[in-house]
Amino acid sequence: MGLGFSFEKLSYSHSNGKVALQGIELSANPGEQMAIVGPSGAGKTTFLNILATGTRPLLGQIEILGKRPWELSGVELKKLRSKIGLIHQAPPLPPKQRVVTAVLAGKLGQWSLLKSILSLLYPVDITGAHNSLAQLDLGERLFERCDQLSGGQLQRVGIARVLYQEPELMLADEPVSAMDPVLSDLTIKRLTQYASNKGVTFVASLHDIEIALKWFPRMIGLREGKIMFDLPTPKVTQKLLQELYASEMDSPDLNSSTQSTVVLQKSFEL
Amino acid sequence: MGHTTHGSTRDYTHDPDAKKRFLYFALALIILWPLLQLAEFNPLAFFDRSNWQVMGNFLSQFFPPNIEAGFLQLVFKATVETLAMATAGTALALLIAVPLGLAMTFSLSISRLGPADGHGVRKFVRSIARLLMVVLRGIPEIVWALLFVRVFGLGAVAGVTAISITYGGMLAKVYAEILESSNSQVSRALILAGSGRVGAFLYGLLPGSAQELASYTVYRWEAAVRASVIMGFVGAGGLGQLMDQSMKMLNGSEVSTILIVFLVLVLFADSLSWYVRRELA
Amino acid sequence: MNIEPARQFCLKCFIHTAALLLAVAASFAYLSFNPFKFFTSESISQLALYANRFFPPDVHSAFLGKILKAMFETIAISAIATLLATVISLLLAIPAAGKYGKKTKEATRFFFNFLRSVPELVFATILVLAVGLGPFAGTLALTLHTTGVLGRLFGEALENHPKTNAQALLLNGSSGAQSFLYATLPGVTAQFVSYALYRWEMNIRMATVLGFVGAGGLGQMLYYELSLLHEPQAASIIIAMLTLVVLVDYVSNKLRRVQMHNQG
């Protein structure tokens, strides 16, 4: 398997009994990039959380970056986690914190406690933080406070933090949900380019099908906790997408033009 | 689109806030040092052998606490005296607070409720009331107690008087605030229906706030219990005076008993207050 | 607001009110204190006579100098105590919020409750034995009591603070200490500072009074002058106390407004 990840017969239920994931079989080679799509409640966030070792699966075997996370000691798990970067949909940033500190927090898993404390007094790698932000056109905001930024800018700070972390496995949970279409497209482009350049395994959940189809070579369709399809993107058909997002409402009559993709996307947008 | 090309006067290698933060820190240190001197902050005093002996001896007497029948009787009487002080004091405070608070709210709310006249007089009265309250609230009740002991002698009377005037001021202020912030809808409706301003006030503003007013009053009573104990230290009777006497004699076991009784008393007052406030709701 | 219909005669209300009036009457009876008889012209004139001895207050520069020093001493007591208590409470708030398990949490909370319940004056009296007369005893006493108050407030605030930001950092390999410093602390600092400032306002009042048992500041001076029957001097000290309280309230309000501004 090398240093990608693999899930075998993975299952997880929430504490209220609701089944989140069932019998997931999925694996990735190192450096692979894939998009996960599906209706809301499909289990995408749970999936990413398990992949980030934040949630422990109820059933099944998982191997991430060559290790079984839940068989590791505390120290080893911490080390593994420092190699996994999760971009949250809602950036977990304290409002009063400055952007530079928020970004530098990406490497906390690799820093000693002393270095972390010193960095609070005077940031130890301002240039590094700036570089990460510059990749997302946010370089000028380096010394501003997080509560002075818009939603889309905050999301990019969250992304910059993960970029600064330099993980081997990069995960993104709806990373561009607060951005306009042009910015979303650009940001995903930058992320996939970054992943390609660094050979980073990249998994992103997206609600914008167009972007997913455009930038990712592999697409996973998740619905009600089960994988509906796992295909190279060119092989993903309209019909498959329709079935994926089908709800109790009658689905609109579609032909295979790009317009209908947009219509489809708009009807089932989360 | 990806590179910052404006002016390159922006420096992304140094923290611009660093100087400011360092200055604040230095300022804080400069203020801290003389403060520490003034407070005669001297941790070494803890290690003074003679002090340790006295204090250690005193503390070791805490176990076991004194449960001798005669002493317990004294403690019981003192406790009842403390409770009586707190209750009487709060009752008198009400007597002061109600007219004072009403006077303040009256002049404010009345003008809100309808057309006002006699503006100047009202303003004058309000300023006097406010000045009075600053004095009553600014001087801690124990200082008043100390003064009243000199006039009325040792005992609970001094304490009751002290509580009544300080808490009177406190209650007045809070009453005025509660009444001011209450919903004036009903009172305005009454005025429109032809009621006089006084009637509108009493029947409109007051009932809605009654529960909040009562609740705060009970909360104050609970504080009065604690204050009564403290005032005992300057001779105003009750548990406090007893504790002061026992401490002066360095009798650790007596102090221990009184302390336990005091904690129980506070707990009791707390529960009673909670119960009454729940009943009011 | 509900306008309630006219109530039926409420027996419970009647009983409660009757009990209340009874308790009040009993209190006065127990103290053998009839306020209506007591506050007759005789006591009032006694009061007036005593009050008269306070005027005019002593304003000689030498004495005013002493008062000024005592004022600074009082400020120092309250400031150092509040600062020290804040630091200790911050550290202890972590176990109080449950980080080290339920038993530790309950033990810490119990410790805070104990410190809160014992009046500062009692602490001061005991500490005078330990470290001698003077402001140090007052500072320590105030620190102990304030730690109880702030500890509980900080612990609750910390416990109720959402943990999402800290958890995100744990996921990228941070340790508990790192996630606390980078995610939790920035989120609760504003509230902590607000609590501390409010406590400082209260502590100034207490600091003036602790002197009565020999713990320094304006209180010690007042007690001394009153025992010598130096009423004009006492009057000046009382005015100084008032000034101090008003001043601190003003500064504290300004500081809090600045802080709220920063948050906006």
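Lettered A, B and C in written order, each chain numbered from 1.
Basically, a residue touches a chain if its C-beta (ideal position, glycine included) is under 8 Å from a C-beta of that chain, and two chains touch if they have at least 3 such contacts.
Because the structure is predicted, anything quoted here is derived from the model rather than measured.
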Legend entry - Between A-C and A-B, the pair with more C-beta contacts: A-C
Inset, instruction - Specify the chain most distant from chain B by Cα centroid. - result: A
Inset, instruction - Can you check how far apart chain B and chain C are, centre to centre, with Cα atoms defining each centre and the answer in Å? - result: 8
Legend entry - Inter-chain centre distance, chain A versus chain B - centres from mean C-alpha coordinates, in Å: 54
Legend entry - Whole-Å separation of chain centres (CA-atom averages), chain A against chain C: 50
Legend entry - Complex interface listing, chain C residues touching chain B: 1, 3, 16, 23-24, 26-28, 30-31, 33, 35, 38, 43, 46-47, 50, 72-73, 75-77, 79-80, 117-119, 121-122, 125-126, 129-132, 134-136, 138-139, 205-206, 208-209, 212-213, 216, 222-223, 226, 238, 241-242, 245-246
Inset, instruction - Give every residue of chain A touching chain B within the complex, in rising order. - result: 98, 100, 122-123, 126-127, 130, 134-135, 137, 139-140, 142-143
Inset, instruction - Flag every residue of chain B that touches chain A in the complex, lowest number first. - result: 1-4, 10, 12-18
Legend entry - Interface residues, chain B side, partner chain C - complex: 34-42, 45-46, 48, 51-52, 54-55, 58-59, 80-81, 83-85, 87-88, 91-92, 134-135, 138-140, 142-143, 146-147, 150-152, 156-157, 160, 183, 185-186, 208, 226, 229-230, 233-234, 243-244, 247, 250, 259, 263, 266, 279
Legend entry - For the chain A and chain C complex, residues of the former touching the latter: 52-54, 78-86, 88, 90, 92-97, 101, 105-106, 108-111, 113, 116-117, 120, 162, 165, 167
